[in-house]
Structures are given as structure tokens and as C-alpha cells.
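Shared between the two complexes below is chain A, which has chain B as its partner in the first and chain C in the second.
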Partner chain A sequence: MEDLLIQALNGLASASSLFLVASGLTVIFGVSRIVNFAHGSFYMLGAYLGWTLVTRLPEGLAGTPFGFWGGVLLAALITGLIGMVVEMLLLRRIYGSPELFQLLATFGVVLVVQDLALMAWGPQDLLGPRAPLLRGSTDLLGLRFPRYELFLICVGPVVLGLLWLLFHRTRWGRLVRAATQDREMVSALGIDQRRLFTGVFFLGSLLAGLGGALQLPRESVNLHMDLAIITEAFVVVVVGGLGSLGGAFLAALLIGELHAFGILILPKITLVLVFLVMAVVLVVRPHGLLGRASAPVRGAAAAPDPPVGPTPRPLVIAGFAALALLIVVPPFLRDYEVSILVDLAVFVLFAASLHFIMGPGGMASFGHAAYFGAGAYGAALLVKHLAAPMGIGLAAAPLAAGLLGLAFGWFCVRLSGVYAAMLTLAFAQIAWSVAFQWVEVTGGDNGILGVWPAAWANTKLVYFYLTLALCLGGTLLLRRVVRAPFGMALRAQRDSTLRAEAIGIDGFRIRWLAFALAAAMAGIAGGLFAYAKGSVFPTYLAISRSVDALLMVLLGGVQTLSGPILGAIGFAGMQEQLMRASDLWRLIMGGVIIALVLFFPQGLAGAVRRLWEGRRA
Partner chain B sequence: MATEIGRRGILAGATLLATPGLVRAQGEAIRIGEINSYTAQPAFLAPYRNAWVLAVEQVNAAGGINGRRLETVFRDDAGRPEDAVRHAGELVNAERVHLLAGGFLSNVGLAIGDFARQNRRLFVASEPLTDALVWAQGNRYTFRLRPSTYMQAAMLVEEAAKLPARRWATVAPNYEYGQSAVRWFKELLTRAKPDVQFVGDQFPALGRIDAGATVQALASTTPDAIFNVTFGADLTNFVRQGNTRGLFERRRVVSVLTGEPEYLLPLGDEAPENWIVTGYPWEDLNTPGHVTFRDAYRQRWNEAPRLGSVVAYDTVSAIAAMLRKTGANTETEGMVEAMRGLSFPTAFGTGDVTFRAVDHQSTLGAYVGRTALRNGRGTMVDWRYADGARYLPADEVVRGLRPQG
Partner chain C sequence: MSVVLEVEGLAKSFGGVRAVQGVGFAVDAGEMLALIGPNGAGKSTCFNMLNGQLRPDAGRVRLLGRDITGMVPRRVWRLGVGRTFQITATFGSMTVRENVQMALLSHAGRLLHLWRPATDAFVAEADALLARVGMAEQADRVSAILAYGDLKRLELAIALANAPRLLLMDEPTAGMAPRERVALMELTAGIARESGIAVLFTEHDMDVVFAHADRIIVLDRGRLIAEGAPPAVRANPEVQAVYLGAGLVHG
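Up next is the complex of A and B:
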């Protein structure tokens, strides 16, 4: 019994830590609608800065309460300022871009911060000092409980209370709440939005930094903190309801406690628990625990997606020229270059399939790798357990992925916006943990080896032509579908759900089928990738692959059909080149992404189109 | 294209070569393609790469292999096996390397191993621990240097069986390495001491341990002793919560890899005392061979070597020894034959180790001892060298584990 009470307290302590990070994220999202990937980086920076400030104190201050707590608060403040600078220099310039485009910019920041932190603080984990006055433990119910954890349990509600006061008792807070509800209205009433946004970013980043610095006495500071926290923080924010502080607090409590008790019953549930919670909550409450349905926001000034016309003639010519090159040139290339072309072709189809539901479908997905992975595993499992030939494996890939898409999509397409995207992430993570933990069947994280192509396709060149045919076919099929009646219906329900329903379009069915079709196409890409690499691992359906797909689509431009093609080639090609050229590839790539975001706020294909249309106008 | 450290290393090597009195290496260089998770695991791989550069410089300064210089092309797989396979293809095909080496994560090691089998290239795996690399997925072209998960568990079981403890709890990161380590430990300990009882397992997610809850969950099973497999940030957080909550008082802890400086040093003065661990007593190991290695490393990089440094140095030593055996002939089948049963010196200075012909696992061992605090940081005491050859199953058993032919 005592054990269970103490375990409940442990849950509360984790909940408090989670809430601190999530509160900043939810405040930022509420006002700016930015899916801020860099929030985890600010959390990590807060921890590193706190470590430096606390351990590099001058004589006399070191070890004193003033030195320690002053250091923690100062670290939070500096992190807040860094966040503010990022907002002013980068994000402010792209508020008008299509929805989620800002995510690309914040991802660039993540990459840059990773390398800068490595340069500034070195690779080794750093252990911060314990907190003065809260060093030891207290006897509770005959068991020892760390004082610092008790302190943390109090910090969460205190911060929640302070934020409540800020948002309900100050003019600035009221403005922030007003902007959360209706941004245009606030702006119409003459409020300087830019200052409001900058202030919110300062506050959100400060909270992230505080959350990081407060972990010093409990956890080591390391370079993996950013990505370890960001998904969980997002889960808390979404489970609570986007923009809702009280909801975030509730969600943090729920997740903290479920985790603390969950591991007593099922120790191996640690990988997937938060995502299971999110999936259940979102299926039952599509706007989170305390969230409210809000009008879809498509970026403050973003124009609606332009209608899809016929492919412009020059583009057709360019396409045929590129195809001719792709058929004629590879025999003269070395094997490695051909295998890079295989990778690129696979990523083009993968990105195109995501674009199909994101662009024409209007549904973002943070978990598209699930279907890529389903295709890869679908093929690999047949090879491993039934020694199936490649033809059957490749046929099974879209089937497995499409079925998974039908199953997951049935839940996901009922939701909208970031909620839908996060539900796809939850399902993708559940699929990932199955691949990861069902060792007898999937081989666990050691994967499935020996998935090599059949003898007739075993040369790089033949395999490339096979991949080219299937990926090009898939991509063109998706383009064709967008222009077919089905695609028109899909675009109609995206642009106006009400009008589409009034003319008899079943929005749910259309979205569901589109989702499954995209999944099947991603499955083809996954199956081809499996045979190209010879092995399949859970990393194929990990978050980072979903993020890669998202970045490809955003980089290329959501609003053009050629966007994902350019984006996939640009993103994967750049990564391949940089990884070979430099140890600092993350820094360079992050910088390039940030620059592209600033110069091409409509994505690469959007920029090309604008150039083309500008010339004709 | 060589990367930053590589370039510096080559330049340094070139300076040495220009010094009069040294034999100048001639002939086409022998190129090694080295793939590792440099950006994903910098804490372990920076000291590794330093020692690699040092070892290659030394080989070249001594005239190379039959007059042929060694060259390394480093690649970062960012922790993703599919990227590692891509690099392997590029190294073999575009960079024209003669053999592949490296690997830190088990799945990366397995992916490159399978590439090596498919493309008939030699792959000398340095760090990956998974048993599958030489057993269930073993192949003709893959060799592995470090003592595997099984060997580390077997070394610790020997000590654990001497303890009076009967009730054991385990904590391990939730992935293949953690699960195999726990499985082997349970199986081998039960075999050595049939009356032990395993009362609880915890499997925190790798890198995301909820240390307070995990410590409490372990404590509630009231074990006599604990078997720990967590490492890195998870270990640090686990130890801190465990110390504050008294989990380790009156309990013995047996812990894999914790005696390695990579994991012991970040703990500072909170390093646990009296844990039974496998590791590397870098300060106190004073065999002539190790003193030479440690001094050279310190002189070159101005810091103490880590275990990763030993692993990299030994990998290069093994490759150099193999090439001397083939007479600098880099034809793959010849190199594979030379690797089987190859003897080479280790930086531990404990005499030669061997790549076993039966499963391509090297007999490199590890140090088993207790942790203690000295000068405000953790170190190993009462250690002894556990020769890897003694902690492997009998050859017939191994043949049954490994696909034959």
C-alpha cells in the first residue's frame, strides 16, 4: 500500500516536469498555431545553460542557494531571450506561409542547436549539482522520498497558478487569450500582433528553459534531451487540448500516473504507453480533454490552395526530358550512383503519397512512416517466414500498407488539423512498437536481414529500372487521381466541408479512401526500399522517417503537385551529400533549411511556379 | 573525401613520413571504410575515432603494410541502419575501399554484416554487442572484436553466483541488447545456482527512463540483489534516484559495462560504490603494452583513453596484423581466410587475442571488478582480466547457433 502511494507521488513528480515543458508549447501553439519542433531544443538549452551557470559560479556563490536558484532562473530567462530572437529573425517572416510550413523552419533550428550544443558543451553527459536545501530525502510512510521530487510536485501547480493569473488578471494575458480564440479579430481591433507573438514566444521558451534547468538535480544533461522530450510534450499538449493550459496539466497528470503504475504491471509498456493514451483520448474526444473545436486556421494571410489546372506544357516537356535522362544515363553511372537514384525514386513516391493526403486531402500526417514501414515489413516478413519470391513480396507491400491505412485511417480522418496529425503519429508509434517488441516475428530492433532482390533484378541497374517504373507509375497515378472526379471530391471537401456535403459528397468516405490509397503508395515505396537495402528495421517506421517525409513535402511546397518530387530530391539529395562531406552536416543542413524557408516561403516548387507565372504576367 | 579529423591525421602521418630515417611507404594505399554513429553517439565515438587515427598513424609511421599505407574513409550513419547500408555501398563502389569496419549500434552492425555477406566484402565489426552478429546471423565475411552480450553476462554471472543473494531483480533498457543481457543472465545464473529467484524486471525506454518510478518499482519487489543493464543518461538518472531513495543499501548490484570510463566518469562523485561490473581500469592497468598505448594516446590527444579508444586501436591492430599475414594482398577471400584464427596484440597489454575460426568472434576479454570512489570520481578496484576465450560456449554449441555453410 505504501508502495503504491509513493508510486503515485513519483507519477506526480514526472507530471510536473512534463507540464512545465508542455505549458510553454501549448501557449505558443494557442496563439501562433506553430507546431514548434524547436521547443525541445529550448528545453535542452535551458538545461545546458543552467549547468554552466550553476557549476561555473565564482567563489562564495558556488553551492549556495542563491547561486543555484539564481542560476536556474537566469538560464530560463536566457532561453526565453533566445526563443524571442528566433521568433523575430525567423518565424515572424513566415506566418503567412501555408499551414505547418513553420514546422520546417523550427526543424532547421533543431538541427542547428544539436551541433552548436555539441560544440559548446562537448559530447559527454553532464551531471548537474543537487539542489541546495533539497539534497536528501524525507521519510514518507516509512519509505524514503527525495525532497527535490516533493518540490517538483509543488512547482507544477504553482506555475499553473501563476500562468492563470497572468492570463486572467493582466491586459497582456487577456490579449493572448483573445488571440488564441480569434487572431484576426484581435488584429482588427488594432492590437500589434507582432509584439504579442514575440512576447508569447519569450514566455513559451522561458518555460521550456525553466523545465530544462529544473531537471539539473534529477537528470544528467545530454544531447538527446531535445528529441526525447519533444514528442512527449506534444502528446501532453494534444491530449490536453491545443492551447489549453488546464488541459495540459490534466494530461501531464494522466500520463505521469499511468506511466508510474503501468510499469508495475507491464514493464515493457514504456515504449508505447504515452501513444496509447493519446490514441484512446483522441478517439473518444477528438479535441483533447479540455480543447474546443476551432475554426480551421490556414495561416493568417495564406491564400487558399490554388485550383489544380492541367500540367503546364513546359513542365510536361521538362518531365519527359528528365525521364529520358533517367533511362539513358544510368548505364553509364557507377553502381553507387545508381543506388542513390533508387533511394531518390523511392523517396519521391513516399513524399508524393504524403502530399496526396496533405495537399489535395487537406489532412496532415505525422505518422506516414507507418505505411512505408508496413510495406517494408509486409515484404520482409513474407521473405523471412515463407521464403516468398520478390514479386510476391512487392505485391504484398501495398496490400499490407493499404490495409493498415484503412484500419488507422478509419479513426484518423474523423479528426482535423493537428489532432488528426497527432493521431496518425500515435498509430504510427503503436505500429513501431509492435515492430520493435514482437521479437519472435519481426526480429525486434535487430530487424529482418537477407531481403535481397531476386536474381534477375540483382544488378543495381535492373533494380533501378524496376524502381523507376513502379515509383514513377505510382506518382503519376496519384497525379491522375487528383484530377479525376475522386480527386475533385477530395479537394471539394477540403475547401468547404459544408458545401461538399450539400452536393452529396461523403467527406468521411472520400478522406478514408484517399488515406488508404496514400498508405498503399507509401507501402510500395517501403517495399522497394526494403529490397534495395537488403534489410528492414523498426527505424523504417520511426518518427524521424515520418518527419523526413513531412519535411520533403513542405520543402517542395504543399500547394503544387510537383512539390513533393522536388522536395524529396532536394531533401534526400542534400542529406546524402552533406553526410559524406562533413561531420557538421546537421549544422549546415539546418542552416540551408532555414535559408530556404526564408527565401522560398511557398516551397521550392512554389517558388518555381511563382517565377514562371511572374514571367508570363 | 576524408573528414576533419581524418584529414588532420593524414597530414600528421605525412609529416612523419617526411622525416628522414623513416621508411617511406610505397605502393597504392590500403583503404578502410569505417562507418559509425558519430553524430548520434558522440560521447562514445569521439574517443574511438581518436584512437583509430592514432593507430593508423602508427602503422604508417612504421612503414605501412609492406610499404603500402593505410587510409581510412569515415562515414556517419546517424544511428540509422539504412544509412549505414547506403554508405557501405558508396565506400565499396565509389571510394574503392578494400574492407569495411566499424559499427556501434547492434542493428547497424547487423545491416552492414548482411551487406558484407551479400556483396562478399570483409567487415570487421568493432563495437556492436549483439550475439546475432556472429551467431544467428553470422556469416563468412563478418568478424566481431568486442566481447558480446553473452560474454559480458557470463563474466558477471561467475561473480554473481558467489553472492549469497537469492532474490534478484533486473533493470535493462527496452531493446534487444537489454533484453538479451537479462535473458542470458537469468539463464546462466539459474544454471550456476538453481535456487535463485527472479522477482521483478524493469524495462525503461532507452534514453527516457522515468528513474523515480523505476527505482520504486524495483524496491517494491524487495530483491537481495539487482542486475543492471542501463547505461549512459539512463544509468546516471537511475543511480541518482537510487542513491537518494536508498535502493542500493544492503543490496548488491551487478552491472554490465558500468566500469567503463564512458559510463563511470559522467557520474562524478555520485558513482556507485561496490557494484560488481565489467569495464576498463584505465588508470591502474599498468601492463607494458597498455602503458605504451595510454602514453601515446595522451600525447596525441591530451586526454585519457576510454574503452572505445581500446576497441578502435585493437580493430586497427587486427586489420594490420591480417594484412601482414596476406602480404598486403587485399583480395577479399584471402583476407577472410587470414582473419580466421588471426592472432593480434591488444592495447590492454594482456597478450595476443584471436579471431576464432568457429564463429569469427574475437577472444578479447574485459575487466571484472568492483566500483569505488577515488579523488571524487568512480574507478574500478579488485579487478581481474576475464579472458574472452573462457566465456564462450563450447564449439559444438556455437556450431548449432550459427548457420553453417
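Up next is the complex of A and C:
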């Protein structure tokens, strides 16, 4: 009983912290429709800045209540200002871009901030001081409970109350609410949207910074805080309903308590539990607990996708030339270089499979790594438990991934936009948790070792040719399918759901099968990757891999069939080179991503295509 | 003449608003039936219940004697109902011909084929349909860049792709120039008579309605208030009241 009470209180305390971060995220989304990945970075910055301000105080202030609390508030304020600057310099330019591009840009900010924080504060975990006035614990119903946790429990409702007052009792707050409901109407009424947006970013980032700084007495400050919190904050915001403060509060309570009690009751599946709840909520209430379908943004509809014509001759020639090089050159390369080529081939198919559902399908997937991982684990599990030969392992890879795609896709393709992206993310996290926590079968964090190719393919060179054949085959098959009736039907339901239904196209079925086909192709890539590395790990299904795939597709350009190929080569090649050449690869990579979003919104292939068409025109 | 579409007792409410109440009518093969009424009369609601975009609260819709009430649009289409929209809906990333090919492929049940390029399928059939609506020269243009009148004609070609028994046209001439309107309606009427297709259309332009409809039904505030040949409807005092305002009738 006592345990339960303590856990309940712990849950409330984490719910409060979570709410601080999620409230900022949801307010920003409500107004700007930007899913702000960098929100977690602001949280981390708040914590680091707070640490510096609190620990590096001049003599007289150190350790005093004023020093600590002043430092926390100042850290939040500075974070708010940083958020404002990011909005003015970057996000303001891309409000008209597709959702995923905005996501990509904010992810670029995440990378940049990670390296800047590393430079400023170093790689080691930093321990913050305890909070003056709130040290020690207090008796509560006969239990000893840390005072700081009690304080945190109060912070959540207080902030909710203050935000409520701000949004309901001030002119500015009413404008924000109006813009959340109908942005275009607000601007038609003569309100300067830019100042409104900048203000909202200041507020949102300030809340994130406050959330981060308030963590100082609870846990160490480190460089992984950003992505750890942003995933949870996404879950909270999506479960609560995008743009809904009350929803975020409810969802934070739900998730906080779920964590607290999950550890007591089902420690094995805590990770799955949170995402399972999110999946259930999204399936039952597609707009979250308190969310409503947002008014469509009128007039801002993106230009229609360009038609898919026959492959231009020069491209065919370039393709054949590249293929010839890939066949002739590798025997003269070192093993290490050949293995890089293997990786590239794998990533090309992985990216092409994601592009298939994103481009022609018009669906957003934020969890494509699940199917890559399913292919890898599908093969590796057969090897580990049944000692299956490589042929069977490679055949099982697309099968396992395709079946998983059928299962997950059945839910995911019902939703659209950000909600669909988040549901795919939830399912991917569930898959990751299973790989991570079901140690008896998957080996958990240690993965599965000894997944080596068959004897005949056991040199780097032969394995490269095998990979090239399969990945090229898969990629070309997808290109073929895009032009076939099935791919046309896929594009048809993307272009106009209304018209598609009116000529007998079952949009759900088409999207569902396309999702499964893409999953199967990602599975082939995953299976080949497993045999190339000789092992599989839960990281194969991690968010960062899903993000990698997204980056490849968006880098290359969603609107062209060659996009994912160029994107995969460009991204993986750049990452590889940067990681070897510079400690600051994240900084450079983030900068490149931001530059691409700003200057090449159609991706690499789109830019090349425009150059080409411009020259011919 | 044989009855193609029969509607009886159709009703739909949105919250407390009774958009359509107890509407019933029938359309014969080869007949042009116009559904008119002032703004908010329930024309579009009525229309959307016929091909399954909205589920009626009450009433029956029968197509060639078969009950299709509440069937989803794609099944209604498979039973032979073509549809054009008030705001045109076409596939913007495809060429004009591909738009029609899509409907033909769907009609042939070949949507799940993965190998042969779709552009090679039913080329002659698609071009014949486009020629029928006067769009043959634009077959290779991307539909996203078409002029509005051309989009309406493309929609007609798509709607004809599965050899429908019934065409539902919601404001077929909205947004078109006067001369184009007459041309499109003459085209439609010709096709309807020639192929024995029943056509039900809503329309704001009374010139179009009285020139091309064989019969007219009038909706007001969700109820059917008049039905008959154009001259009779024109002379109906209730219809005049609805369109010209009560003031004229009373003095």
C-alpha cells in the first residue's frame, strides 16, 4: 500500500515535468503546425544553462535560495530567447513547407545543439545542486517523501493555471487560441502573424527550458536528454490531442502514472506499455483525448506533385554507367571500402521503400526502422534458434517485415499527417521495446551474434554483388510498381480521395497493401544488413534509424523516383565521411540539413531536375 | 421508359438542422432531371446521399430496382453510377489520359496489377472517351494545369468510363463561361439520350436548367415543393415565391 502511494506520487511528479515540456510543444504546434523536434534540445539547453548559472555563481550568491531559483528562472528565460531566435532565423522561412520538411529542419537544429552543448559543457554527466529550501523529505500520511518531488507535483497544475489565465484572460492569449483554430482568419483580421508566432515560440521554449532547469536536483544533466524527452513529449502531446493544453495535462498524468505503476506491476514491458497506450488512444480517438480535427489550412495547399513520366534518357545512361562502375571497380577496392558499398546499397533500398509510401502514397512514416529491424531479426532469429542457412534467412526477412507491415499498417494507414507519423513511431517503438526487453529470445541489448553469410558468399566482394543484385532489384521493382496500375491507384488516392472513391478505388486497401510492400522491401534491406554485419541489435529498430531513412528520402526529394537513391547515397556517404573526418559531424550535418531545407526544398533530385529542365527550356 | 433511380422518403439531419426531409423522386433512362432550389435547400446533401458519401437517416435509394442505401461510393460506382463534383476532383499529378485510364483500370478490376505500366492500358478506350467530350487534344497535358471548363469535361469523361446507367452531376457548369456552359450541357444531353443514361444534376444557372432539363424537381428547406416539366415548374407560384422572395407574391 505504501509502495503504491509512493509510486503514485512519483508518477505525479514526473507527470508535472512532462507537462512542462509537452505544454510548450503543444502550444507551438497549435499555432504554427510545426512538429518541433528541437523542443527536446531546448529542454536540454535549459538544464545545461541552469547548471551553469546555479553552480558558477559569484561567491555571495552560491548556495542561496536566490541564486538557485534565480538561476533556474534565468535559464528558462534564456532558453526562451534562443527559441525565439531559432524561430526568426529558420522556422519563419518554412511555415509554408510540407510538414515533414519542417520536421527535418528542426531535426537539423537538434544535431547542431547536440554538438554545441558538447563543445560548451563536455561529454560527462553533470550533477546539479539540490534545491535550497526543498532539501530532505517531509512526512506525508506517515510516509517520508522528498520535498522537491512534492514541489514538482504542484508546479504542473500551477503552470496549467497560469497558461489558462494567459490564454483566456489576455488579448494575446485569445489571439493565440484564435490562431490555433483558424490561422488564416486571424491574419485576415489584420493581426501580425509573425509577431504572434515568435511570441509563441518564446513561450514554448521558455516552458521547455524551465522543465529542463527544474530537473537539476532530480537527475544528472547529459547529452541524451533531448531525444529522451522529446519522444515522451510527443507521446503526451499526441495522446492529449495536438494543440490541446488540457489534453496534454491529462496525458502527462496518464503517462507519468503509467510509468510509475508499470515498473511495479510489469517491469518487463514498461517501454511497450506507454506506446501501446498511445496506439490504443490513436486508434480509438484519432485526434487524441481532447484534440479536435484542425481546420484545414486553406490556400496553402502544396503544389500538386509532378507527374511520373518515363525515365529521361540521360538518367538511364547515367544509371547504367553507375551500375557498370559498381560491377567493375569493387574487385580493386579494399574490404573496408567494399563494405561501405554494401551499406550504401542497403540504404538505397531502405530509402526507396520508405519513399514508396511517402511519395506516391502520400503517407508519413516515422517508424520505418521497425520493418528494417523486422527483416534483420527475422533472419537472425532463424539463424540463432534454428541454425537456418542464409538463403532461408534472406527469404524470411521480407516475409517477417511484410507481415509486421500488414499488422501495423492496418492501424497506421487509417490516420493521416502528424497523427499517422506518430502512430507509426509508436509501433516502431513497440517493436524496438520487444527486441530490447525480450532478452530470452532476442538477446536484448546484446543482440544476436554470428549471423554470417553462407560459405559461398563469405567474402566481402561476393556479398557485395549479392547485396547489389537484391537491392537494385528491389529498388527497380518499386519504380516499376509506381508506374503500374497499383502505383497509379496509390497516387490517385493521394491526389484526390474523393475522386478515387468515386471511381471504385478502395483507398484504405491500396494504402494498406502499399505499406506492407514497402515494409517487405525494407525487410530485405534489413536482412542483408544483418548478414553484412554478422549481428543484429535493437538499434536497428531505433528512432534514429527511422529518422535516417526520413532524412535520406527528404534529402533526395520526395517528388522524384530517383530522389531516395541520391538521398541514400548522399546521406549515408556524408555521415560516413563526416564521422571519420570530424568530431563535429553532427554540427556539420545539422547545418547541411538546415541549408538543404532552406535552399533545396525539393531535395537533391528535385534540384538536379530543375537544373536539367531549366537548361532545356 | 425504364426507371433507373428511385428515391423515397430520404431524410438527413445535422444536429438539429433537418437538411433533407422526406424527399422522393425517380429518374428514367435517357432523362435529364434537374434538382434545383435556393442556397441551403439541401441539394448537395440530397446528392451526397445518393452515391453513398452521406448515410441517410431514413429513406431508400434504389438503382435499377436494387437497394443501394448507405452503400459506400466505390460500390455504388461499380453498380454503374458516374459522378462529377461541384468543385472538380481529378488526379492532379496525372495526365488527362491517365485520369481516364485510372477509371478504366478500376472498372476492369486491374488496380492491384504490379508489373505492366498503367500508361499502356486502355489507351484507345481512354482516347475515345476524351474525344467524346472534346478533350482529345489535351490528353497528354497534366490535369493540374487545365482550365476549369476543361476539368469539368475531363470529369465527365472519367464519369463515363464505366458505361454508367446514371450520372450524378453536382453543379456541372459552376465556374464556367456562359458559352462553355451551353456546350457542356448540350454534350451531356446528347450523350444521355444516345446511350440511355439517366442524368440527375443540380444547377444554379436557371438558363441552363430550363434549356436542358426534361424535368425539374425543386427543393426548399429540405422539402420537395414542386416537380414537373420546365414550363409547369416555371409557372408554379410556390417556386416563384421561393426564388423571388415572398414579397412579390403577396404584393
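Please note the rule applied: the second predicted complex is superposed on the first by the 603 of 617 C-alpha atoms of A that agree within 3 Å, B and C clash if a C-alpha of one lies under 4 Å from a C-alpha of the other, contacts with A are read in each partner's own complex, and residues count from 1 in each chain.
Here is the rule we go by: a contact is a pair of C-beta atoms (placed from the backbone, for glycine too) under 8 Å apart; a residue touches a chain by one contact, two chains touch by 3 or more.
Please read all numbers here as calculations on a predicted model, not as lab measurements.
Participant: When the two structures are laid over each other on chain A, do chain B and chain C clash or fit?
Facilitator: fit
Participant: Which partner does A:3 contact after superposing on A: first (chain B), second (chain C), both, neither?
Facilitator: Once the two structures are laid over each other on A, A:3 reaches chain B alone.
Participant: Should A:260 be classified as contacting the first partner (chain B), the second (chain C), both, or neither?
Facilitator: The answer is first: A:260 touches chain B but not chain C.
Participant: For A:137, decide between first (touching chain B), second (touching chain C), both and neither.
Facilitator: A:137: touches chain B, not chain C.
Participant: Would you please give the vertex angle at the Cα centre of chain A, with arms pointing to the Cα centres of chain B and chain C, as a multiple of 10°?
Facilitator: If I round to tens, I get 160 degrees.
Participant: Determine, under the contact definition given at the top, whether A:581 touches first (chain B), second (chain C), both, or neither.
Facilitator: first
Participant: Going by the contact rule set out at the top, does A:124 touch chain B (first), chain C (second), both, or neither?
Facilitator: It touches chain B, and chain C stays clear.
Participant: Between chain B (first) and chain C (second), which, if any, makes contact with A:14: first, second, both or neither?
Facilitator: first
Participant: Scan A:218 for contacts with chain B and chain C and give back first, second, both or neither.
Facilitator: A:218 contacts chain B only, not chain C.
Participant: For the overlay built on chain A, what is the smallest gap between any CA atom of chain B and any CA atom of chain C, in Å?
Facilitator: Superposed model gives a least chain B-chain C C-alpha distance of 34 Å.
Participant: Taking the two structures together, which residues of chain A meet both chain B and chain C?
Facilitator: Overlap of chain B and chain C footprints on chain A: empty.
Participant: Taking the touch rule as given, give the residues of chain A at its contact with chain B in the complex, in rising order.
Facilitator: 3, 6-7, 10-11, 13-14, 114, 118, 123-127, 136-137, 143-146, 148-149, 218-220, 222-224, 228, 232, 259-260, 263-264, 267-268, 270-271, 334-337, 339-340, 343, 436-437, 439, 444-447, 449-450, 452, 529, 533-535, 537, 539-540, 544, 576, 579-583, 585-586
Participant: Provide the residue numbers of chain B that touch chain A in the complex, in ascending order.
Facilitator: 1, 3-5, 38-39, 42-43, 46, 75-76, 78-83, 85-87, 89-90, 92-94, 106-107, 110-111, 113-115, 118, 130, 132, 137, 174-176, 179, 200-205, 207-208, 210-214, 216-217, 219-220, 232-233, 236-237, 240-241, 244-246, 265-268, 270
Participant: Using the touch definition up top, name the residues of chain A that touch chain C in the complex.
Facilitator: Against chain C, the touching part of chain A is residues 304-308, 480-481, 483-489, 491-492, 494-496, 498-506, 510, 513.
Participant: Which residues, counting only chain C, touch chain A once they are in their complex?
Facilitator: Going through chain C, the ones touching chain A are 51, 53, 72-75, 77-78, 83, 85, 89-95, 98, 101-103, 105-107, 110-119, 121, 142, 144, 158, 161-162.
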